[in-house]
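By letter and in written order, the chains are A, B, C and D; residue numbering begins at 1 in each of them.
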Amino acid sequence: MSEYTLSVTCADQKGIIAAVTHCIASGEGNILNLSQHTAVDVNVFMLKADFSVADDFVRSDFEKAFSEVAGKFKMEWKLFDKALRPRVAILASKTSHCLYELLLKHEDGELACEFPVIISNHSDLAGVATQFHVPFFQVDTGKGKVAYEADIQTILEDYQVDTVVMARYMQILSPEFTRRWAYQVINIHHGFLPAFMGAKPYHQAWHRGVKIIGATAHFANENLDQGPIISQDTIRVSDTCSIERFVQLGKDVERRVLFEALKLFLDRNVFVYGGRTFILR
Amino acid sequence: MSEYTLSVTCADQKGIIAAVTHCIASGEGNILNLSQHTAVDVNVFMLKADFSVADDFVRSDFEKAFSEVAGKFKMEWKLFDKALRPRVAILASKTSHCLYELLLKHEDGELACEFPVIISNHSDLAGVATQFHVPFFQVDTGKGKVAYEADIQTILEDYQVDTVVMARYMQILSPEFTRRWAYQVINIHHGFLPAFMGAKPYHQAWHRGVKIIGATAHFANENLDQGPIISQDTIRVSDTCSIERFVQLGKDVERRVLFEALKLFLDRNVFVYGGRTFILR
Amino acid sequence: MSEYTLSVTCADQKGIIAAVTHCIASGEGNILNLSQHTAVDVNVFMLKADFSVADDFVRSDFEKAFSEVAGKFKMEWKLFDKALRPRVAILASKTSHCLYELLLKHEDGELACEFPVIISNHSDLAGVATQFHVPFFQVDTGKGKVAYEADIQTILEDYQVDTVVMARYMQILSPEFTRRWAYQVINIHHGFLPAFMGAKPYHQAWHRGVKIIGATAHFANENLDQGPIISQDTIRVSDTCSIERFVQLGKDVERRVLFEALKLFLDRNVFVYGGRTFILR
Amino acid sequence: MSEYTLSVTCADQKGIIAAVTHCIASGEGNILNLSQHTAVDVNVFMLKADFSVADDFVRSDFEKAFSEVAGKFKMEWKLFDKALRPRVAILASKTSHCLYELLLKHEDGELACEFPVIISNHSDLAGVATQFHVPFFQVDTGKGKVAYEADIQTILEDYQVDTVVMARYMQILSPEFTRRWAYQVINIHHGFLPAFMGAKPYHQAWHRGVKIIGATAHFANENLDQGPIISQDTIRVSDTCSIERFVQLGKDVERRVLFEALKLFLDRNVFVYGGRTFILR
């Protein structure tokens, strides 16, 4: 027995689900979970189906059969073998809470990926990497962005990385880098976007006197803090809190939101259309 | 154009979704939303599909066609025409917050039902009924449970009621009544079940020193406060709150939870199996 | 027995609480609740004390005694007799959810004020006012802002109003009006400020793809949606929600937040300093 | 400059706060934060004051002066020097999430204590202890409860432990042990008490069909899962979750609640009266 996830997007029309599920059933697949949504205002249909197959399943046969369905409906589609786990690199700087969260949840079996490498612009977190037996590389930002991003790119290629998670990595990636890794880099911002973009969001929040703080995980793109949002959460704060307390309280939200975003991404729940995401659960 | 909801339950097996959606597509239906879940431990498959059809759709033809599919898979199934809105009676006593919530949400178009009648064991809420132009009946509990429940039953029949909502109705329904209206009576309990069953749950909660209070909407059955749970919510409370403050804070939770339960029920999201519910969203 | 609330602000220094509470004790007051906070970054001390006194308490004697303490510490202070309930006018337009919330909570004894008058630029809510026996006035915005705000001002004076609540009143108040009523006008914005200022915040939120929506109650000032925030709350939303569903879900947050803000204000929990509020609970 | 916390409980009466704060001011203390509450139904007054003093502060002088005040009002009171950090032992078994949470938050400076020793009935977590440089002891439960609890007691004494935290320690402590350490042992239960006492609370919750799961931190006493509750939290769950998913989701709640309970305890916010706690913030 093995399991696959099929992801489909196309213009909305009659009979899509029937055609897709008939094709899966014809391939002797058993659907374990199916989610679908039509974004009415843009007439876009999205579908995600998890299905199991017997050992005699031939992927290429299924893909050939499904291509015909896809052609008829003008679908964009992807098929994921759940046994092939994405290889995710973690970028970090000095603070450890997001890094620990990902490594601990991974250890507990909650993240369907590998973490082959951790890259940082500081040495502080090398010990954490060692504890979890993950290779650690420190890049030298002193040599200029073009040069050290080339170093990062080399490491990512060496370790055959598919996806990058910025676990409070405190450097801005270049437009060249984010374009090359479009919709494959997940960042965590310590503010409730679109409020409090840019630097020191907790300071901004405290001075504005907001009663709730939050964090936002999003795909990094060439516009700082403006990529498609994947996950967000908030907590109520008291006006008797200092900014330092905001920072502490915010850490719990950040790690939770970043973990949730990566999990949704790995479980293939994230669809992107028209500059925003649609999460199908 | 009209819309239908199809609700299906059966033992899990291969090809159910394909068969169901093929049948809908064959009837020229366009699936707007499909939710499905398999409760693995009991091997029960549940599916809910909303679909739209053109004006030449013939319900009896579809039902005949679907019966064959259903027979093959040994399904239990129901088809709901969304234009036929359930007729829901509200039972209330003296407090108005749940009653107002239902009537106001209904006025705002959030509840797909009619409220043909309000029944109470007190006269206090007659004015609210008048404001919203709903017939109001006061039943006399002094005549004994058998007699006044017979009065209620007569009113429900006169007004062709399908479903009953207890909006803080402070009388216990007889086993005869709840059996007759099995899975058609929704009650709100002002405690986070299964904690704090029975009377005065806020008093129980305060004395136990809990830090969170809640409310629970459930189907009424012959075991007090033990019917299948439909919806729950909680809020954090401070130890500096009095019991009276617990009661006030709890009202917001109660009205929210009761409304949510009724909405889930009317939208056909509630499946019952093995003494518990499964909510498919 | 009667109850008073004393509200104090001054530069932080040693012995303030001792001096204040000694003065209350000397006046035979019994402190029921005391909250205090020092905003360290601006060195501002704030204190709120609720105390009860016997029937022979003479307010002017206490005020004279406290003036000496206040002079020594350079305090700004106010003394509120809880028996004198503020007179709050409600401004509304067409939607009823915030108006109902205030009237229902008031009926339940949760708001320590009077609602002597409801003013609207439409006639839609006249019936609600009648139900709750509150005088209702419709102002004519067609005659220009200066003229109809003069009408509002006249009504507020006729009804001896202290405070104004904008319960989804869909007109922008003039700077003259908000300055005249500085820190006495509470507005509800249907967005999580400072994100989504201005018109149609739910539309903005949906298109941005946020996963959480919120509402913000704040003092109205001459800068639209930028007055000091009093209360905020948020709820998680699904990407499968339409904008219309955002609007429905948001209503629950709006009414909750507006109610909370008015309650905090009436209970004298709201301190304003440096363009932001500090809520002492 | 050093800081102290004064904790006071007595029958409610006039002038307590004035007397306490006057005494602190007389000792040249500057109150940084004061919280107080009167549990009206039992007429118990509770007060917590944080204050700073200059280097010439003599603790014994203050205690002598305060004893007179305390005698007059029949107070129970404690004075804590914030520089003397409690020594907290952690008991754990096999699962690491609560242990990591405490160690990481401690590393981040959020817990005002020392962790001098970790004790377990298994060897699994020895590596975590090593990573954080905390001595680790494995006790042998095979020798019987009396014997291995004596071993634990010896370790606690050797390391001069004040307080014990059970971080998912899966053994029931004897009544002798909990009585000896009354109100000094904090446990985390993976259910929303008082619902789901005893073993396998997530299994109980799933089968009951609840829509919300939670966790509860409480003082351990001789009645299993019935000690005074310190902290609780909940999360909404979907009916499409398996029990295994409940367990995963619950871990986040457990670690958050246990951390909060320990923090409240260390910050001297926890008062116990009449078998329940009162948290003064």
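Rule of thumb we're sticking to: a contact is a pair of C-beta atoms (placed from the backbone, for glycine too) under 8 Å apart; a residue touches a chain by one contact, two chains touch by 3 or more.
In this text, all values refer to a predicted model and were calculated from it rather than measured experimentally.
Engineer: How many hops, at fewest, get you from subunit A to subunit C via touching chains?
Structural biologist: 1
Engineer: Would you mind working out whether subunit B and subunit D touch using mostly the same residue numbers, over half shared, or mostly different ones?
Structural biologist: Homomeric contact, same residues on both sides for the most part.
Engineer: Using the average of all C-alpha atoms in each chain as its centre, how far is it in Å between subunit C and subunit D?
Structural biologist: Measuring from centre to centre gives 37 Å for this pair.
Engineer: With chain centres taken as the means of their Cα atoms, state the distance from subunit B to subunit D in Å.
Structural biologist: 41
Engineer: Note the residues in subunit C that touch 2 or more other chains, in rising order.
Structural biologist: Subunit C, residues with two or more chain partners: 37.
Engineer: Considering only the defined contacts, which subunit A positions touch subunit B in the complex?
Structural biologist: Where subunit A meets subunit B, its residues are 14-19, 21-22, 24-25, 28-38.
Engineer: For a test of understanding, state which residues of subunit A touch subunit C in their complex under the given definition.
Structural biologist: Its residues touching subunit C are 37, 40-41, 192-196, 207-212, 214, 228-229, 231-234, 236, 238-240, 242-243, 275-281.
Engineer: Sort out for me which residues of subunit D touch subunit A in the complex.
Structural biologist: It comes out as residues 96-97, 100, 104, 108, 110, 131, 248, 251-252, 256.
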